[in-house]
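Here come two complexes built around chain A, the first alongside chain B, the second alongside chain C.
So, the complex of A and B:
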């Protein structure tokens, strides 16, 4: 078997044009998922019996079913159900099938990511010891102030590595969007390959693209973690300079954010 | 100034406080002693509403309320009049020493940042942390962290400061620096309620010593009275036990046997404890 380098280069260029779609799928999903995941984490911590049971059921249900199955379910079944709903109950001629399929992709990936992130946030909130909450209350803060100023900022930093992992696995999972005819990196490469049955080349190409993308995401998260977790670092003589450097960088970033 | 009456608290079936009364007057330093599990810490936490007492009432200047009936607003008013120093410091890990002390001023009391910074710096200077303003708690020793904890309470100018075993989590050689800060505070006229096992501190600083056991106040009085002529059998027993341990920790004592003195050299040295002979041993 021979690898066609010319075809590979062509496919590479075509697949590159799918990067924005992949990134859009990843980051829009993250944006949609973060608020509900966060409130679910808080809800589960409160130990209200009903809400935490409902949330627990949702989380174990979503994480206990293959994502491919969820895609098949949402992409084949949901439009039909919605169509019946519009036609027979609302008696409107609204055409569900005209929706952009990316909506189904957002739905499936968000449902998954919410479940994962809610667990990430819950464990992150638990890492901040309850004593700090008591201390904040003892100096006269309200519970809301204590959470927004003391607990949540620390929990978010603690959550960063796991949010990074979630983002990376979400980015990889978005390759399944081709099943919903969304033209992301994978879909474009498969279409190219189908013309001359050059699947191996196409797969090699997108493999490299995914590795690159995931590496960049990981680097961004580890940089963010490094800057934001300044307060966790001990001052030792050798680390002094580095910590001071990071401190000054962090101060600059905060100053910039404040100015904005 | 502060008066709590008939305070009861249970955790499940375990009754921790069985009707404790306590009155604190301005300028008093009250030291609460007692074996572990006697309810000292719980009493302190109930005053600050970190635990909700089951029964009893509190009178703090012009605030008068039943523990169970107190609403969030009343609770916050009482907390704003009192400072709390925790056994495990409980500093805000994401904030520097200065920010830790400023937090209660700017956020809870609405003091302007400039003024808050000045007051916070003053408080940190008082506890001897002049050059540690911008250090995070993780970069400070236990003793320094506890001193920030004290500064955080002091900066708020509270009517009374509640200390919950402030030196129990510290390495022995760091206990001294924290006790010194507390002694200075007491000298400056601060009103303090201190739960501790530091007998030295109780003897030198307390204006009143309270002995608690099994959820009730067994005995109270001046340090001399409690240490030299305890009326109650339980008080005498407790003091005997504690002071004997102090004796053992002192390597020069004639009372220690050879093995004990070796142990004392390894574990007990440097804690600043002295041997006393107050007639109870």
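So, the complex of A and C:
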């Protein structure tokens, strides 16, 4: 087995130009899907008869079927439906097929990520004690204020590790965007490889780039986690720990005495 | 535009369904080899020295960052070349070999984390207690640690399994004929028409498979956690219960109403409770308060 290092370097340079597309796919998708995912999480927690059923159905469907299939389905459904819509209902000669296919990629990946993120947010919101909301409302904050000032900042910290995982898996999933003729890292390297049939080299290059990107994303998330969880650190100072311990012991002794 | 024909979904379903066996076969092969490799990796992480732990952690991290499709193509194009260097020709091997190899590599990384976390979730006091009452190391693992650890590992394992099934659809890209491959073949045979109907049929099959796996796992989890049932029941009833309710009480009342001690079979050093037969279902427990 011979590996042409010259070709690998060339492919590396070509694939590098695909990095912006991959990152764009990842982060635009995250931005699009965060608000709906949050409201879906709230809707599921409300336990309304219909809405929580519908949300549960959607989440179960998206998480229960392969993303490849979702991509193939929506990529064959959306353009035809949109074309039909423009032609027969708006009666305009607008050409849908001239659109950049990245729009369909955003749609499919967002539909997928909304479901995953809504579960992440739901579990994060559950980690915040219900007493927090009650305490905020009892000092006169409105529900909106309580959410934006008290609940969400705490839930965000709890959600961060899972959001990081979601981002990494989304980044990996964007490698499937080549099926929708989006020119991301995978597509560019594949095109390059097809010229000289150097598939192994091309895929090794893609592998390296993905490992690099994932490392960067994970570093960013661990940094963000450190910054955001600063409010937890106040109590872990040695002095505070000791005070807390003494206080808790004193409370326990007091409770015992009262019981006697 | 050709109108949507829902009837075609039901025409296509029976054609695709037999290929579920291929998908399940690939999955079981992957689970078998992946779990073995994952066990080795987990052992390396838990008990290995610095070097072994570094290798195992590095491998897991590396695999976590690699998209399945890239791994699949590297194995599909690279493995025959690599083995040819050692004088082994697998160019004519079945495509399932490449698929199973790829997903074994991917699955083992997940499984190593599942094994590791479930092992760490069990209090070391459990194995100490087991050893202190005279069980051997193997008996302690088999009777004390494993039942608890498996209950902890099961939800994560199910998640990994469902993910494996979903990622496994990529196998069609190298030409394996499983559920997805058959669907693509049918679309090809129809010259691209009825694509939506075929995809919907595929959606149904995959979704049902996921739901079946999840339901089965939930049942199994309930079964594995049955040891904790008495405590949770006692907790729920609060102060009313002072003793755990034994399912097969030792002390029973006979037909005259006097207490009798049940005979206890002793087998291989462990107390086995006799199973209460249907006919004596009337007998009440000594411990429970009525």
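The rule is short, and it goes like this: the second predicted complex is superposed on the first by the 233 of 260 C-alpha atoms of A that agree within 3 Å, B and C clash if a C-alpha of one lies under 4 Å from a C-alpha of the other, contacts with A are read in each partner's own complex, and residues count from 1 in each chain.
Note that in this section a residue touches a chain if its C-beta (ideal position, glycine included) is under 8 Å from a C-beta of that chain, and two chains touch if they have at least 3 such contacts.
Computed from a prediction, not measured in an experiment: that's the story for all the values here.
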item	value
Fit-or-clash call for chain B and chain C when the two complexes are aligned on chain A	fit
Touching partner for A:168 - first (chain B), second (chain C), both, neither	second
Touched partner set for A:138, first chain B, second chain C, both or neither	first
Partner chain in contact with A:154 - chain B first, chain C second, else both or neither	first
Touching partner for A:230 - first (chain B), second (chain C), both, neither	first
First (chain B), second (chain C), both or neither touched by A:103	neither
Broader residue contact with chain A after superposition on the shared chain, chain B or chain C	C
Minimum C-alpha spacing, chains overlaid - chain B and chain C, in Å	12
Common interface positions of chain A, toward chain B and toward chain C	none
Residue ranges of chain C touching chain A (in the complex, touch as defined)	1, 62, 64-71, 73-74, 77-78, 81-82, 84-85, 162, 165-170, 172, 180, 195-196, 199-200, 202-203, 206-207, 210-211
Chain C-touching residues of chain A, taken from the complex the two chains share	1, 60-61, 63-69, 72-73, 76-77, 80, 83-84, 168, 172-173, 175-176, 186, 199-200, 203-204, 206-207, 210-211, 213-215
Touching residues on chain B, where the partner in the complex is chain A	48, 50, 72, 76, 79-80, 82-84, 86, 88, 90-96, 103-104, 107-109, 135-139, 152-153, 156
Of all residues in chain A, those that touch chain B in their complex	128-129, 131-132, 134-142, 145, 149-150, 153-154, 157, 230-235
